[in-house]
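Both complexes below contain subunit A, partnered by subunit B and then by subunit C.
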Partner chain A sequence: MALAQQVQLQRDPGARADLVRRVTGSPALRLVGRRLLTAIPVLLGVTLLTFVVMNLIPGNPARLILGINATPGQIAQVDHQLGLDHPFWDRYWIWLDGLLHGDLGIAYSNRQSVNSDLAQFLPTTCWLLLYALVVSLGLGIGVAMLAARKPNGLADRLSLAVSMLGLSVAPYVLALVLIWVFAVKIQWFPAISNSLGSNPLTAIRALTLPAASIGFPLFAIYSRLLRADIVEQMQREDYIVTAKAKGLKPWRVLVVHATRNSMFTLITLVALNLGTLIGAVAIIEPIFSLPGIGAELISAININDLPLVEGIVVVFALVTVAGNLIADLMYAVLDPRIRYGRSAS
Partner chain B sequence: MAARLPDMTTLLAPGAQPLPSLLSARRLKNQKLARTLRFWVPAGLLIALFFMCFIWPHIYSIPPGNTGSILAAQEPPFSPGHWLGTDPDGVDIFSMLVYGGQVAFEVGFSVTAIGMVIGGLIGLAAGYFGGWADSILSRLIDVLIAFPALVLVLAVAEVLQPSEIHLIWALSVFSVPAFSRVTRGSTLVVREQPYIVAARLSGTSSWRIILKHVLPNVIPGIVTFSLLGIGVVVILEGAVDFLGLGIQQPEPSWGAMIAKGQTVLTAQPEYVLIPSIVLLIFVMSLNLFGDALRERWGVR
Partner chain C sequence: MRTACLAGAVAIVLTAAACSSGGGSSSSTSTSAGATSSSSASPVSTGAAKAGGSITVLEGKGFSGDWPLGLDPATNTTGSADQDYYNAVFGQLFELGTNGKQIPDLATGYKYSNGNKTVTIDLRPNVKFSDGSALTASVVAWNWTRDLESSCTCAPSWTIARANAKVTTSAPAAGVIKVLGPLTIEVNLTAPNGAFINTMYDTIPNWIISEQSFKSMGETAFAKLPVGAGPFIMTSDSFSNEITMKKNPTYWDQPLPYLDGITFKSVSGDEAAYEAMLAGEGQVYIDMSTPQLLTEAAQKFNVITQLGTSPYDLQLNTAVPPFNNPRAREAIYAMTDFGPILQHIFKNAYPTAEGFTGPGGICYQQNVPGYQGYNPTLAKQLVAASGLDKSVIQFGTISSSPVAAETVQALSQEWAVFGVKTSQHSYNLNALIAAFLASGGKSWQAMIQTAGAYDPAGGVGVGFRFGSLSPFSGVHDPKLDSMLAAAAASSSLSARCPIYNQAAEYIAKNYYGPFYFSFAPANVAVKGVAGPGLTSALPAVAVAPAVLWEDVYNNPATS
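And now, the complex of A and B:
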């Protein structure tokens, strides 16, 4: 808020009410509200789509639970227990009602609540993604600054080649090559790990190869994007010229002024990409036998376990939608041009 | 989407291009040569791969890619008759690469083409007309983007028989929203241009404006995006085959070859490495070719 406005505010009591009106009507808050509202139909759509798709899969869950020798009476009884004797819309409604109360239902396969299943498998996946994100972001930012220092220089060309590799390699191929090199040839890391254990060091060792398989493509995207953004800032923006004219050292201009402003773009990309990360988890976790929700999703689909699949899909969709929201909020809250309502689209 | 989407299409563009040197004719020549190479090396690799997959088997007879003799199992590379060797079932590895490559080409190109046409039209209409139709379409696209692709692909594999054509339809469900989002974004920019306003004021019909004025201006961006898209689809197709839910054994596919090789990774890493390297070359050529096209057309 400009100083003149503050001075006026202290003089004029009516201006205080005006401020309240301005905050509640601020473009940033309205934007946040609008985003929250549009997130609801998206989440509903995703859960409904999952319900429809899973219902199309042939095979009776009761028969899967009881085995081939079950009598029709037993099947009907289990159908009743699982609520499968209700029509489609009733079942969706009951499930949705449970979701709003924080209850994701009972998994068909092990008759445990989906909540406890998720509580069991979610931490592994979270640690894995956190590891991959932190390392790829750290390396990506460092390499981007090195490359942007001299566009088309040696560091830039090298990092371009490395990131081209990262953008073109399939994660499952990378995982197998890493296993072959680091677990078979030189035995630094385990190839499979059924649990993370309680020792943080063993957990880090177990997660390193899967995190690298997920993180390397990310590193490629992040470093290239950030580099392009920094180079653009260094060439176009007035405050860079000012900083240089002030006589600041080149590295200081690069690190403090250009990179800091480019972080906006990077954080937006990270937030928007959260959803796709989860797809990678579903392929990488089974390769390393990691007990996370990605591996759990694959096995749940294979045994037609609708409540478990729904529970995991809801988590995925929530993360995706939250990522989009965070990206929007970052702009709304941090970018002064949107905060003051000059451009909200 | 209110946030300025990071411009994914400029990820690899080298950014500041050095100005054509006016002083040194030799440097200018070198720059031109580098530009030509950046275009023709990936293009040549793609043509070579296409030739290997579709034309080679018609000229030279190669062993079948789905069956082999158990007597000729696990032959090392450069054995007579099997220059890349055979797998544990005695199937010729080069033949599997060729027939698996046909699948990769067909799935990659058709999924992208379907996404480009349907998604492009949806994106054009949503971006140009705006209003409530745009809101509804954008929400539908958000739903599809938040929906894990694997669930649908797995379900399609279980409900319909897993086959190449079903795989194409299942993957198209995800290429359509991607293309419509990109097309909508660039349509929004083009819509504000003075020549569109002029066309509108002169009474040109909306569909004519879209097809004659908007479309030609968004096409370069869509085509370069589609080259990246083919790479993504080929990797995804491999992932589905890798999980055993796409092309069914014994029909060969690169993903299935890699999955099969995983079981003998310690003893014979070449079963994983050979298809992996071909997959990498394919996707990388597509990415580099997309970059070169972007440079030629000046697409940002």
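And now, the complex of A and C:
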């Protein structure tokens, strides 16, 4: 805030009240508030469901920690330390209380805090997701525009073929093919990457094949969907005719007008696909030996490590909720007519 | 022995004497190697060994590629699955070499006395941990006391008196572990055990940690970067992901190790490891078992199938229906034709087994007299008579083993021909333990597992799967227990093996559980990388053999 404004606010209580009114009345902020409120039951539901499922899996965590030779007394002691001797609802409340205080508990498998585990493994997954998302979106939008420029033309047909391939191949199959071609045969990228290293180029090399495995199917979906939307806009909308009549160049009409107005569906899809994207890392990370939370999640489930599973699930849920919130905000950015909480004019 | 093997003719004679002394497969009651040599049937004799270079070793997730708690032997519940790292950092008191030859490493010899209730071990002089502290008998005593107090699955199962007889993890009673001198230590058992040294292989008492570093670093930090007297020093450790090691410049057996460094990387499985090797990102993969990949890998790399010691068997829970009925158990024997399974699924890579011994272990007996083989006519009668076709068999195994999973699938299909239905369950390790322990051991019916070890008295040996006291056994037969105890008591193989043979016959006669094939995984190495366990077979102590990393070298000129 500019200094002059601050001084004005200090002198004039009415101006301060007006600012508060404007801030609280901001559609975007109200949207954020509403979404955050909606996220609470979502997070509660997801964590409770995970808690129930993990408790149904046979196996005593205390025995996992202590080993098979542990005496009943030792097991009871660890049960007590971990709060496992409490009733189900008490345990869930204790965990929830910890979550509210920023403490996700201690992982059974390595006896480290879940917070530190997440701090260790989350960056790899975040970079991987970001890479996959940026590449799939970038390529998807570019190819969609190329294809929509001349429907049924060469670029359109070629993109259709590539997209069909992307839609037909499962990410883990694609991962193996990519490894075979780009790691084994031409050796451009590594087949396994147990660490990303400190050099950004090394990290990019390590993440390229995993990101392509996750991103290629998404690219296929995004490009087909966006292409169809752009074509529809170009052929049917009056504002396109107006733009053309004004003498704008075809590329400008396509990029600035048609593509921009076709983005809504794409944004919705990206937001909805976040869950799928996150799920894919759990499969792809182990294939490339990437030390991310997807691989950790699989290991944690295998050894019934409830605190770690819950911690990772919370992160996944938060990312999904945040992704959907960002999508909602982007609608408003793209179309100023949209006023959340008010009737659209 | 490594150094001595490099020497000339005189040294070779001396080394041969040292190498042949004692050993697990001999019947001698004592052994003593020279203070200046240990070593193996090393590749040195090929003349290709070369100092320098480093390698990347790939280890599969779900077994050796997991070390979530770090590498303190007394607290790591993953146990001997992590033997590669332990052996590289800690070395071993005794190593198991080619053809079961015992190699004194940090120890130089041992002696049984007091009717095999007392074992005296001599340590190698002038051995120092990489932190500079000395390896002495008192350090070993501190290690063993700590091991015995551990509640970990990996804790040694020595029959000793405890300070509190009712608590299995209480400290050893006074006099159980005695320090007789700076380099001499004694263990006093409550029951004769002539297999004591054999049962040390691949168990935590064989890996000695530095007491000084442990106390100065604390348990958590030590588990992250443990300190030992082995050929390598750990320089970084990202749990269950990656470990880097460098050559230990103060290693007792100079000029070993050959390699300047080893990086261990955890990979998701056989396929990922194979492709990483093809891409040049790994030089060794430990424990490959996928049959199709083994065939393919053999065309490009050195693939050495180890000598199995732990045959796959079908554990039957004799405490609950339907297998508390001997006719139902006999039916299982009679309706299983394992030959086609072995041929079509496992490409005849493993020898068939009828007992708990394998070709890599002691007292190997492939065929057991009186073993009920495949007999479809008899099987139909027995299935009908026992009512086996009227229930669904709960059939389980561990999920991390593709071999076990394929075996369960194949057997279920064979039995279906006789009208026997199965419900297949694939457990992770924790769930498998829970399944065995649930309802006092009475909730499971049949499990595919491995039973056996280099010495049946040790590791996941016959007692683990067929002894009354084991929570992982479906058999509770005092007569079998006493047979196994008698076999373990003697230090003479000529006395022990006949008893094990009788035990195998007894198991077959009572249809306690059929055996199928003697499995051992293979190690894969790129051409030029060689060493015991990589280019020459070693006995698998429990499931996989312990590669002798100090003898491994990388000489691309020989590829």
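Quick notes
Assume the second predicted complex is superposed on the first by the 291 of 345 C-alpha atoms of A that agree within 3 Å, B and C clash if a C-alpha of one lies under 4 Å from a C-alpha of the other, contacts with A are read in each partner's own complex, and residues count from 1 in each chain.
Everything below uses one rule, namely that a contact is a pair of C-beta atoms (placed from the backbone, for glycine too) under 8 Å apart; a residue touches a chain by one contact, two chains touch by 3 or more.
Only a predicted model underlies this, so the values are computations on that prediction, with no experimental measurement involved.
With both complexes brought onto subunit A, simultaneous placement of subunit B and subunit C is prevented by a clash.
In the superposed model, A:60 makes contact with subunit C only, not with subunit B.
Residue contacts after overlaying the shared chain place A:46 against subunit B, while subunit C stays out of touching range. With both structures placed on the common chain, the touch criterion links A:167 to subunit B but leaves subunit C unconnected.
Looking at the superposition, the partner that touches the larger set of subunit A residues, subunit B or subunit C, turns out to be B. Shared-chain residue A:176: touches subunit B and subunit C both. Of the two partner chains, both subunit B and subunit C are touched by A:184. Of the two partner chains, subunit B is the only one that A:272 touches; subunit C does not reach it. By the touch criterion defined above, A:228 reaches subunit B but does not reach subunit C. Residue contacts after overlaying the shared chain place A:202 against neither subunit B nor subunit C. In this superposition on chain A, the options for subunit C are 289-297, 307-315 or 487-495, and subunit B clashes with just 289-297.
Residues common to the contacts of subunit A with subunit B and with subunit C across the two structures: 57-59, 176, 179-180, 184, 286-287, 302, 304.
The residues of subunit A lying in touch with subunit C in their complex are 57-60, 63-71, 73-74, 109-111, 176, 179-180, 183-184, 187, 190-192, 194-195, 286-289, 291, 299, 302-304.
Only residues 1-6, 10-16, 18, 139-140, 142-143, 145-152, 154-155, 158-159, 231, 235, 238-239, 242-243, 255, 258, 261-262, 265-266, 269, 272-273, 276, 279-280, 283-284, 287-288 of subunit B touch subunit A when the two sit together in their complex.
The residues of subunit A lying in touch with subunit B in their complex are 31, 35, 38, 41-43, 45-46, 49-50, 53-54, 56-59, 151-152, 156, 160, 163-165, 167-173, 176-177, 179-180, 184, 221, 224-225, 227-229, 231-232, 235, 265-266, 268-269, 272, 275, 278-279, 282-283, 286-287, 297-298, 301-302, 304, 309, 313, 316-317, 320-321, 324, 327-328, 330-332, 338, 344-345.
By the touch criterion stated above, subunit C contacts subunit A in their complex at residues 58, 61-62, 66, 68-70, 77, 150-155, 167-169, 238-242, 265-268, 271-272, 275-276, 278-282, 399, 428-431, 433-435, 437-438, 471.
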